[in-house]
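Beneath this line is the structure, given in structure tokens, with notes to follow.
Per-chain residue numbering starts at 1, and chain names A, B, C and D are given in the order in which the chains are listed.
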Amino acid sequence: MVNIVTKIATTRKRVVPKRTIIETPDEVLKLGKDLQQKIGRLFSGSLAIREVDAGSDNACEHELTALTNAFYDVERFGIRFVASPKHADMLLVTGPVSRNMAHALKVAYDCTPTPRLVVAVGDDAIDGGIFKGSYATYDGVSSVIPVDYAIPGDPPSPTTILRSLLGILEDLEGKRQ
Amino acid sequence: MKENGSNMFDAIASPAGLITLLSVFGLGALGALVVRAFDHVANFWTAAFAILGSLWGMLFAGSIFVTHHEVAMKVATSSFSGFSVAMHVDKLAAFFIFVISLVAFFCSIYGIGYAKEYYKRFSIGALGFFYNMFILGMLLVVTSFNGLWFLLAWEIMSLASYFLVVYDRTDRKNVKAGYVYLIMTHVGALALLLALALLYHYTHSFDFDGIKAHIAAVPHLALAAVFGLSLFGLGIKAGVIPLHIWLPSAHPAAPSHVSALMSGVMIKTGIYMMIRLFLDIMGPAPLWWGIVVLSVGAVSSLVGVLFALTEHDLKRLLAYHSIENIGIILLGLGSALIFSALHRPELVLLALAAALFHTLNHATFKSLLFLSAGSVIQATHTRNIEKYGGLMKLLPATGLFFLVGSMAISALPPFNGFFSEWLTFQALFGGIAHAGGSAQWVFVAAAASLALTGGLALACFVKAIGATFLARPRSSAARHAKESGFSMKTGMAGLAIACLAIGLAAAPVTRLLQTVSREVTGLSGVASTLHVSGSRTLVVGDHGAVVSGPAVALLLLLVVVLVWAGVRYGVYRRQKVMTGPTWDCGTDLNERMEITATGFSQSIIRVFKSFLLPTLHHAVERHEDENPYQIKSRTVSMQIRDMYQASIYRPLYRLIGMMSRSAEWIHHGNLSAYILYIFAAIIIVLAVGA
Amino acid sequence: MAHYLLWMIQIALVPVVAPLGIGIINKLKARMQGRQGASILQSYRNLRKLLHKDEVIAKDASWIFRVAPFIVFGVTVLVGASIPLFSSMLHLPTSDLLMVVYVLAIGVFFLALAGMDTGSAFGGFGASREVTLGAVAEGVLIFSVLPLVILGGTTNLVVLATGVTSGYVHHLIPILLAAFGFIVALLAEAKRFPFDNPDTHLELTMVHEAMILEYSGKRLALMEWAAANKLFIFSALAVNLFFPFNLISSAGLGQVMIGVVVLLAKMLVVYVGIAVLESLIAKLRYFRLFHLLFVALILSVVAIGLVL
Amino acid sequence: MTGDTGLIQACIAILCLTTVGLHVARKNRNEAVLYGLQSLAVVSLFVSALLEHYATPLLIVAILTFLVKVVLAPLFFTKLVKRHGLKFAASTYTNVPETAAGLVIILILAGSGIFAPLANLVPGHHTFLVMAIAAMLSSMLLMINRKGALSQIVGVLSLENSIVAFAVLAGLEQSAILQAGIVFDVSVWLVIAVSMVSLVFRHHGSLDTSKMKSLRH
């Protein structure tokens, strides 16, 4: 315990000057502020996302986990990744829904309490992508559960994901008016 | 009730009342034999007389409390000098009569429905006879005032309960359980006989008041011997730890309403006699008596609950909990003995009131638990918890009653279990604060074991309820279980209400028990640290550790209802509540994937493994012929080595076996040789005699 | 200030401030990980959103699953109102050490049952671990407060919280030992770091999260809120029993304000301590936890020895 | 029981001699006859008691003992011997000198201090009581000594006779309990003797108890 504390104290905070790397570009910050404002109005400030991996090739997972690192840190905008679909408002489904995962996806969808959103992330989830037409998959999430929105890209970068999320929330806000 | 004018109560609290009480049960017993040919009639006859008798018992006990009478009756027989049918009912005996009658009342109501299972299989008349004789025996034990008469009543009680244990003869295990029970009870009775004989030798009387008068004549060593013997004998009946072997096998073997009576009340007769002997008759006890009783109580409570956790036979689990609760009662009794040795009368009253209160509470919630376990077993025809599951939806009433019983036994307010454990804790804390020297550390150990026992009891009953009543049924028997009959439900409902009522009326009940303990210990003039203010709150000590039954119940109810209303109506009202699948990572759930009772208690067994000595046994069966690597079946069996069985009883069995084998040479089949032995024996006896 | 106003504060203090505490801990942990982290009011937003959502209840669940959240939350509110927070004048018939422990045990009882009720594997194991830990932690809790009970002569918490100050000075060491025992029991009961990681959902380690996995909507909100309350209650007890300097006895507005502020300041120290602890050490293996608990028990017994 | 000592002396003498005779007798038939003689001696004791002061129950008992013991029992034994051809009583464990030595030891024992309290129950009949005790002990020796089941039964019956004699000599003849006891005892014994012997014989084919070792397991 002691050596950790001493190590934290002694190491210099910034090996590389902060403003070049750590400083999040203003574009992400602006996106974040808008997201936070929209979530505040639509989900009373806390959007719980359950990320369901329906047989994805882990590319989208990397991008989605990047959202929670120190650089993007979506938690400060009110977005939370939760463990069980029962706690979630939005299901981010990745991957072309392999045969084995179809039932699990169906159960996850049934378990999510309404008002719920299903967002297909990545080209595989939208229409099977590079695995399109294979005997092992159902070619996209929409063939198993109703999909509300989609985020194209193989895989979409964290910024695109944030931008699409903002678009989704704006569209939702439009519908709700 | 006015003190003097109520002549109705005076009439009841008299020898006549006592005799009617005993004769009602006697009649019930004999009548059951007479009509044993017709099952239905015998069942109703037994139940009617048992219910009538227990009602009268409660009335009788109540009137003794109201009129402060002491019913005494003595019929001296000329031929045997020591023996006299002496009956004496003071407040302590009246309290135990009330406990016996209360439990017997609800068990008999329950019995009407439960005995239907035995129609045409076994003789209901015999069941009725032994049931009534059993209750009669218990009533005689608590009212007898002569040593030999007490032993006679003790025998009636033990034999009647033996025949009830082996009532279901078809199951080999029951017969063996009865066998072990019979041997151990009579070893206990022998110890008691020796103790009373020793007392008779010095005080020349078997009557308790005679013994009490001449107690000074008994030398110190003999008094210690009597204490040891009676603690051993009564300990077997009460089921304290090293002598508990018979209890977990005998109680479950009996029909459920009888095992409720046995577990709820019969083991309390041991406690009654301990109080009568150690506190009332044998005067101021030396310090080491209290320490012995306290440590036995601490060990019993902790070990009892640990073994209960490893059980997956529902009734054995409850039987082990009886051992645990007897341990808690002994904690109260032991601290009372220590305080009387240290001459701190105000703490003696607190500790004894705690022990008596827990006796009453344990009688109610343990019998409730056994009755509800009985209806679960009747519905599923098996005692193995692993075969239950999901019964809360199929047996809603039994589930609710079992829940109430479990909350009471894990000492959760507002039920009665909490208040007696609270009093026991106060007694132990008082001991830690005020007792000097070594007694202090025994109190610390006892408090530690009680705290740990409380938590583990809660763990055990979460396991029992979870595995039995929640989630999905694990076997077809559990899937087709049907709710038990009306009489069984009323029996259980009565006891559940009793648990709650005693919890709410904790303060007045404790004041009543204080008068009992004042009378037993003869400390009438002393102000006790425990006093009841405003008939609602219990206050201990001058700084006032306050606890009040009705207030807690009211606050809990108020808070839960307010929260429910607040959320239900205060918040956005248009939420929908849908029933969907259990998520569990999206897999398809079947009943094998629920947690089982063994799985549940596995972590606790690992934590206490140095004590419970769990053994894991892998048996792998392979296909010999085709492919040795292809496993046909794999069975994993986990057992708990019962430390007491292994370290005390098995060597004992081996010793007795060896001794009997060494005496076998005398048995060689030659008739004349046997007559020679008789002849020689006569000569020797006469020679010694002359 | 009118007496009943004081009561309003006493009752409302725990449920209102508890989520803030959780927010502070998460914020500090995020800060120590270099992230900016969610705002400290985020837990209020989560609760508000969950309260407005619909619910999906498992079809295998019985009425216990439906009733448990109200009981668990109600129990924490009742205990919150009966423990000594800022004023020594307010005490209920339930403000007794054993009553507090056993009333909280009702919460644990129904939480564990609800966990097992849906028949999922996680709920079962969560309940088993929770109840096992709870059993030993309850003993440690009672024993760590025992030195104070012996000093104060009673188990009444309000009296303990005020009475101990007198005997405080020449019993410093036993009280510190007992305080360490109490902190360990606090971490065990509130399922904080060395015992259970509140953020993780790893089957191997989660205890509290496993039981509320199947809850949704307003029932999930109540369960999470109850967990926050429980942590607040135990830290309030730790602060007021072992460092009891702020309990006011008069009902003046100024006095009350000071009392509350001092209480929250002292609680802040505890929360910061928890956040730092959670960032520094790794979670202990499940069966090593009981070694920690038994060490805490032995320390409390040593403290009792010193006090006797 | 203070009747004229001459008659009593004769009866007691017969009693002791018959028990000694039983030890010596080889043939079962002789044993039956000796037993009949012994019972006759006991009955005559009853008669002498009756002479002294008449009591109807005592009379009934005397008649009954006479009928059963003197007439029926020997008859039954001889019929049994004839039917199963048990002419010879099975041999004994000890040869004749040893049995004689045993009898002497018994006589000394009977007279010694051990049985003193029993012997001087009635000071007048001290010698008679001693001889009755001696008869008892020797019939027990007979039971131990003999291997044949039949002679063991005769041994028991003679023990029973000597007990009755002792009781009568000790002045208990008037007490109803003794009489009832005797009647009961006799009837029970007969029933047992009959069923036991026939059963044992059918099962073992012989009455020699030493062959019944298989009973042990």
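What we mean here is this: a contact is a pair of C-beta atoms (placed from the backbone, for glycine too) under 8 Å apart; a residue touches a chain by one contact, two chains touch by 3 or more.
In this text the structure is predicted, and so the values were computed from the model without any measurement.
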Identity of the most central chain, Cα criterion: B
Of A-B and A-C, whichever chain pair has more C-beta contact pairs: A-C
Whole-Å separation of chain centres (CA-atom averages), chain C against chain D: 93
Chain centre separation (chain B, chain D; CA means) in Å: 59
Distance from chain C to chain A - Cα centre to Cα centre, in angstrom: 33
Shared-contact residues (touching 2 or more other chains) in chain C: 52-56, 213-214, 217
Contacts with 2+ other chains: residues of chain A: 84, 86, 110-111, 113-114
Pairwise chain contacts, counting only pairs that touch as defined: A-B, A-C, B-C, B-D
Residues on chain A engaged by chain C in the complex (per definition of touch): 1, 4-5, 22, 43-46, 48, 69-70, 73, 75-76, 78, 80, 83-84, 86-87, 89, 110-115
Chain C to chain B touching residues, read off their complex: 51-64, 70-71, 73-75, 77-78, 92-96, 98-99, 102-103, 105-106, 108-109, 112-113, 116-125, 127-129, 131-132, 134-139, 142-143, 146, 149-150, 152-156, 159, 163, 213-214, 217-218, 222, 286-287, 290, 297, 301, 304, 308
Chain B-touching residues of chain D, taken from the complex the two chains share: 93, 109, 113-117, 137, 140-141, 143-147, 152, 209-210, 212-216
Sites on chain B touched by chain D in the complex: 667-672, 675-676, 678-679, 683, 686-687, 690
Chain A partner contacts - residues on chain B that touch it in the complex: 576, 578, 580-581, 583, 585-588
